[in-house]
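Listed next: structures, encoded as structure tokens.
Two complexes are shown next, each including chain A; its partner changes from chain B in the first to chain C in the second.
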Partner chain A sequence: MKNRLFVLCLTGWLSLAGRALAETPPVVAIKNARIVTVSGPVIAKGTVVIRNGLIEAVGDSVQEPADAWVINGEGLTVYPGLIDALSTWGLPGAQSQTASPSGRRGFVPEDPAPAPTPAPPGRPTTLTTPSAPPARGPEDRPYNTSFLLAADQLDPADRRLESARGAGFTGAVCFPNRGIFAGQGAVINLAGQRAGSMVVQSPAGLYLTLRGGGSFGGGFPGSLMGVIAYIRQIYLDADHYQKAKELYAASPLGNKRPDYDKTLEGVLAAPRVLMPAQDPKEIARMLRFAGELKLKAVLYGVHEGYRAADILSKYDAAVLVNLRWPEKSRDADPEAEDSFRMLELRDKAPSTPAALAKAGVKFAFYLGGLDRSSDIARSVRRSLDAGLPQAAAVRALTLGPAEIFGVADRLGSIEKGKIANLIVTSGELFQEKTEVKYVFVDGVKFEPSPEAPPALTEVSR
Partner chain B sequence: MKLLCFILAVPAVVWAAPPVVVQNATVITVTRGAFKGSILVKDGKIAEVGEKVLVPPGAQVIDAGGQYVMPGIIDAHSHIAADSINEGSVSVSSMVGIEDVLDPEDVGIYRALAGGVTTANILHGSANSIGGKCQVIKMRWGQDAEGILFEGAKPGIKFALGENPKRQGMPSGVGRRSQGTPDNLRYPGTRMGVEDVIRQAFNEAKQYQQAWKEYREKSARGEKVIPPPRDLKLEPLVEALEGKRLVHAHCYRADEILMLLRVADEFGFKIKTLQHVLEGYKVAKEIAAHGAGASTFSDWWAYKVEAYDAIPYNAAIMLKKGVLVSLNSDSGELMRRLNTEAAKTMKYGGLTENEALSLITINPARQLDLDNRIGSIETGKDADLVIYDKHPLSSYAKVLKVLIDGQVYFDRDKDLSERDKRRLEKNRLLEKEKQQQQQQKKQGPRRPAA
Partner chain C sequence: MRALSLFWLAAALSAGADDTFLIRGAVIHPVSGPSIENASLLVQDGKIADIGLKIVVAKGIKVIEGKGLHVYPGMIDSATEVGMSEIGSVRETADVSELGDFKPQLRAAIAVNPSSEHIPVIRANGITAAMALPGGGVIAGQASLMYLDGWTWEEMTMRRDAAMVLSFPAINTFSFSFTEGVVRGSYTDAKRNYDRRMKQLREYFESARRYQKAKAAGGPGFKTDLALEAMLPVLEGKVPLMVSAVRERAIRDALAWAEKERVRIVLTGVRKPGNTLADLKAKNIPVICGPTQALPMEEDDSYDAAFSLPAELHRAGVKFAFGSFGNQFSRNLPYQAATAVAFGLPYEEALKSVTLYPAQIWGVDQIMGSIDKGKSADLMITDGDPLEVKTQLKRLFIRGREVDLESRHTKLYKKYLARP
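Up next, the complex of A and B:
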């Protein structure tokens, strides 16, 4: 209720802040700008031409077409639009990403009163109905909404899209994130006339968490090992389900008809699976588990990845690194002394990206609830200070996520034919003074408002 | 292929290690008496034990003059090194397993090492009539979860009887019991119910076993049939029925012990060990007749209603009645001094030194079907050794070194010498963080972290 009031208060003046120009001409040329293509070398001075939402041309000797609306890029830099690799932007009801889905001590119970049955469609993000009895085992399919598609839940009016664009983001991979099998993500553009026009790729992967229910009588699964056993049983069931369906389709006569199961349909439809893992123990655990289940895994979290680069590269794993580095809680007891390990984690977590880059591990960044552009830049700078090359940092927010989610042929770099998601900045990205001047999503131009809107994720917390 | 390389890399470290000789110690073999002599370790195994052994060139020599060497302690009942212990939501939770949640960085492993423990059976908790799968580990501190597994150990499963599994829990996990509906209360609520749950589970397991048997027969005849779905809850129970999985059952009272032995006899499987089994002395003959082992406490009792009839003579009485007895810790704290727990049986029950030590070495090894690998100092066994400064049954004895597979995993001198270094590094990190915070304050107020 409090949140809702807050939204109402903001609504009034927010609608004034930096929106799309009423009509962006179909052809735009950005001239004489420095162009960071990401996929190729940096062009010191060149031109990018956008036509009908796609990149028509890029290069140092490209002429702007006669019909183009020309932007003088002198002194400006063009980057591919940034992508948040794990997000809930566009899904207004999803819970904030700030909650740790794996927890430092392994298992984090979710709601005090969990219930297994998913909510009816139409109220997509409410997972539980309090009156349902607790799940008695995997057969009740608790916390399983694998069939939910982020693409079906998108709301182009989500106010967070606006501030995201202001921070230089043009895309995101967003996921429903409640439950254990939370649902299927989608690669989206952060603007669109309708929800459907925002979708670039769906499904993009199945979001798994390791959160479960209560304890005695609280419903299955009630522990980390229960969640893992449950996930294992679901994949066995899915395998059986598929085989049974095939056998039945081949010879229905004399065979029992397999029951339709939407949770297994969802599991089978996923091109990849996102699994939480922070430290070497969890990373190894999830990589082995994915290997056992023959899943294409993408790990997320990975704050202690600086100690796990070797195993990640051995398994050829793809990784989403949470840019919200662990910090000492502001409410921490000033007298209490943290453990050596916790101190070390807080000190070294920002060195994870550098370690991954050095080991050749595919990785991308996600914001983990960071929403102010200055906070995001500061977080990235900490990883730069810890040895991450600038180009690798840019890549981890552009082509990196595009590759991990299989859309590198459409997004993530400035190349002819790709979707015209671009940002124009006053200087090098992530530097304190750098401003985002223009943002193009599908070729449509947005100008961030001079005063950055306040942190909007407050709304969803 | 990459995966394979990784798996192979772990034992390779052991093979490459040079031979080790522990010299001039009082060697307490447990199975073959004690004498002054030396132990030669090659490739992680005990290669030679005797009053004099030849030191091969390049060997690492540990001079243990005036010290005592005994086999590494085995704790038959521990809950360290795991990220979760109880799947308490259901009465039969055999689908879960400790292997999935091992924490190789739990400091409990290091503390166990410092207390001379080299192997432990990590059990699921006692919240369920039939609990989860157990995992035997070695305290190879510093290795990953795969590296601490006791390779080749027979799988096990935890059962539990009495007060714990009959707890019905809070409806929906919160609030008072009276607020709930009967639907939300977990069955069973009585000891009778516990028996019923176990019977029911094994009936299901037998049906499951039969379904697979029929499927295999049909597909062997070339019929195209849909295989039965795999059931991770019932598979371990079928393994228990077929003797492929050891049953370790938490119990206290004589009546429930007899109940479980009867149920097992009826379904045709064995209880490998009874755990805690504080009233075991009352039914020791029956336990021995079934062939079950007993893993108990030394002198802990009255901490709950079903522990009122416990006596410190329990271990000794059961041992003398022919039961294979061990002492366990069930606690990361007690685990560090199982040697003094063993010594208590000399006071209560008059066991000999060797009998007392067997309760924490060879007997638990037998209870885990690992006595061909560990539990005594004999040629061919794993070189899991503890070096004490005094006789291990003395309460003044301190662990000086612990070897697992011939490698030193704990060294008291090294530990003491590194403490200052660690403290300095910690202070440096604390100071660094303080400075960062002050710098941030100077840069202006920030929105508080969520």
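Up next, the complex of A and C:
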């Protein structure tokens, strides 16, 4: 009993320690540390100065300012804070992420999502009644919530943020993830007083899935070909919509005004589109499709990318690789035999990043629902073992996503003037013994508790 | 005087009756024994009366010249929906399954439509009898062995309760969706579901046993229950259970369960028997093979998995018969058997597995399944091997009555042949 009380007290204290130290001074200097800048060469021993949430200076001959709170970085390494390139952190209402055993999906719904069919124009939208009749065609705009902004849905109290920081993550690109046109993502920092202060860039892109109504009663589209045809129709409609609006804006007199369509507004506002693809066939199909629709495409999933590096480099595509490698489900039928194809995929998927790096394909990692710090490190190590250079792995979690989402001028590396998102570790990232000592988000210091609390696990399983 | 004239009338009727005739000079394939060249076969009152090189018959009896032709016993399809469903997707024409989990009192025979367009089509390939299987639920009802000829279902019925159909619970983690393809789900959930259904099944058999005892004890409190009443022949071992089990685990489970419940079973739907074959042989459990012309179940299975399964069963010494598990495609029954021959099944075995073996499995080998004295004259006269696609069926007899070979197919053939 006494022991349990002690443990309770201890965990309470630890989780307190994990929270923000609100009284972080505006100026911090980490000196005599190894600095992995990512954008430039590694500084064997140098100093980083943070002032008012930005990096003021970095280098081997930088002097710490007199007003700085100094951290002795002897034996420690400073990295840019890690970024999860496709996430739902900060969006408590999003569906949990799990890896699909078939590798077909990026995110998987735990239960069939209600069809978020916006009411047809002219009828009042009833947000509270999800029992809209099943869609009959693209004109009903089924599974289209492209107008949803992740930035509008952020909750700084999401308990997952804390353990994400504990794992060394300071940023993420978060997306609503229900439906086919799920919504607009936002590049966010994983801490902030208010939701608004977390947002770095919004919108960051439109998240597409190929998840229709399934088969019976889900309405249109209920098949893969239906989903593809639907996406094509939406882009044609969006194009027409834009032209009609421009024409009308030029001369409203004597012309009928085009109906306002929020589902198309969202589509038009997207600076890029995230599209799912796992194997070479799907990758080639999506790249052709994106070319046809004149979209700036970012492919996600890509577990079979080890066989598709040539296509990807030919199309100069950007890729988000799911770090949750395909594995046999713990809840699999013990007598079920896996196909050779599945076994090969499980074996070779972690070699995808190495193949992409070798072919010069721009890529970033996303966690695909991995939540424990040790699991993330183990996943990255598997790709290191398959030939990915350490520097490329770090880049795929820092500058890589920043470049793909157009925020490389603010995030992703340790450079003067960038946002002060840093982590200080006891050694090389992703190694088993390495601990994250300090995390800075917007210059605010966090000290993670020794092993991340299991809060994340509870929420997202 | 009056009696005498009646006698003459009867004799005349008998001589000119449909179900009494002689086939002369044909090759007779009894299936139960070696073929006999240039032999004769006498059918009297719908039964096979004599087979021999020379048969002396009374004057006036109908003679069928069989020179250059072959006589085989009619084939038996051991699993069909024949007559129970006309067009699967038109609900009004489908009478295959009833709601509910346990409904042993249902009899498939009643649902068989004697005027089904499928019946003449199937007959035209030499199939003279078929098992009509009810579907749905755990115990779907009684499968009935039907002659494929008759004005009413009563006339067609050979054995109303040839088997009791049981869909054996299996742990199934597969699911299919149009956008995702085949998806594997949770084993825990599948196992829980399986355990629940196994429990239901055990409880149902237990209640049937209690009913049996209560009935034996008699007494004023006894109340007749149609469903449990229908279970009695199963418990007494008079009627076998037709148990569907596809994979090794389900087969093992079904065998263990049958042993515990002390019931006789016939396995159906077997696709991947794995290491259970020796057990099937040892316990003398017959198998109804599904269509051999089928794709492998899993992507890594050998391409000929379905083609060679019958040969595998044969090598292991397991008794089996073919079933089409369909409706109009029942007509392909001989070719399903033929495919198995191409993949290692001895020809004689293939022929027996559509004639004599099903008769044995369904306990009617005293009545049909081969050309032997005393058996029902279910015969086909062909110009060759009936398992061969090119072979033409010349005449067909069911219970000695000649059956018209015209079907929807021949009608359409004639119609379009005459198109100007």
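The rule is short, and it goes like this: the second predicted complex is superposed on the first by the 405 of 461 C-alpha atoms of A that agree within 3 Å, B and C clash if a C-alpha of one lies under 4 Å from a C-alpha of the other, contacts with A are read in each partner's own complex, and residues count from 1 in each chain.
Definition applied: a residue touches a chain if its C-beta (ideal position, glycine included) is under 8 Å from a C-beta of that chain, and two chains touch if they have at least 3 such contacts.
The shown structure was predicted, so the numbers you read here are calculated from the model rather than taken from an experiment.
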Task: Superposed model, chain A: greater residue contact from chain B or chain C - done: B
- [ ] Once the structures are superposed on A, label A:Ser223 by its partner contacts, choosing first (chain B), second (chain C), both or neither.
- [x] both
Task: First (chain B), second (chain C), both or neither touched by A:Phe340 - done: both
- [ ] Have a look at where A:Tyr260 lands relative to chain B and chain C in the superposition and call it first, second, both or neither.
- [x] neither
TODO: With the two complexes superposed on chain A, say which partner A:Ala332 touches: chain B (first), chain C (second), both, or neither.
DONE: second
Open item on the list: Looking at A:Ser251, would you say it contacts chain B, chain C, both, or neither? Reply first, second, both or neither.
Closed with: first
Open item on the list: Under the stated touch criterion, which partner chain does A:Arg285 make contact with: chain B (first), chain C (second), both, or neither?
Closed with: first
Open item on the list: By the touch definition above, which chain A residues appear in both interfaces, chain B in one complex and chain C in the other?
Closed with: 105, 214-215, 222-224, 329, 337, 340
Open item on the list: Going by the contact rule set out above, which residues of chain C touch chain A in the complex?
Closed with: 171, 173, 177-184, 186-188, 190, 247-249, 298-300
- [ ] Give every residue of chain A touching chain C within the complex, in rising order.
- [x] 100-102, 104-105, 210-212, 214-215, 222-224, 227, 329, 331-337, 339-341
Task: Contact set on chain B toward chain A in their complex - done: 2-3, 5-6, 82-90, 93, 95-98, 100-105, 127, 132, 144-146, 167-174, 181, 183-186, 224-227, 229-233, 422, 425-426, 429-430, 432-433, 437, 447-450
Open item on the list: Can you tell me which positions in chain A touch chain B when the two form their complex?
Closed with: 96, 98, 105-107, 112-115, 130, 133-138, 213-226, 228-230, 232-233, 236-237, 240, 243-244, 247-248, 250-251, 255-256, 258, 279-281, 284-285, 288-289, 291, 311, 314-316, 327-330, 337, 340, 343-344, 346-347, 369, 372, 455, 461
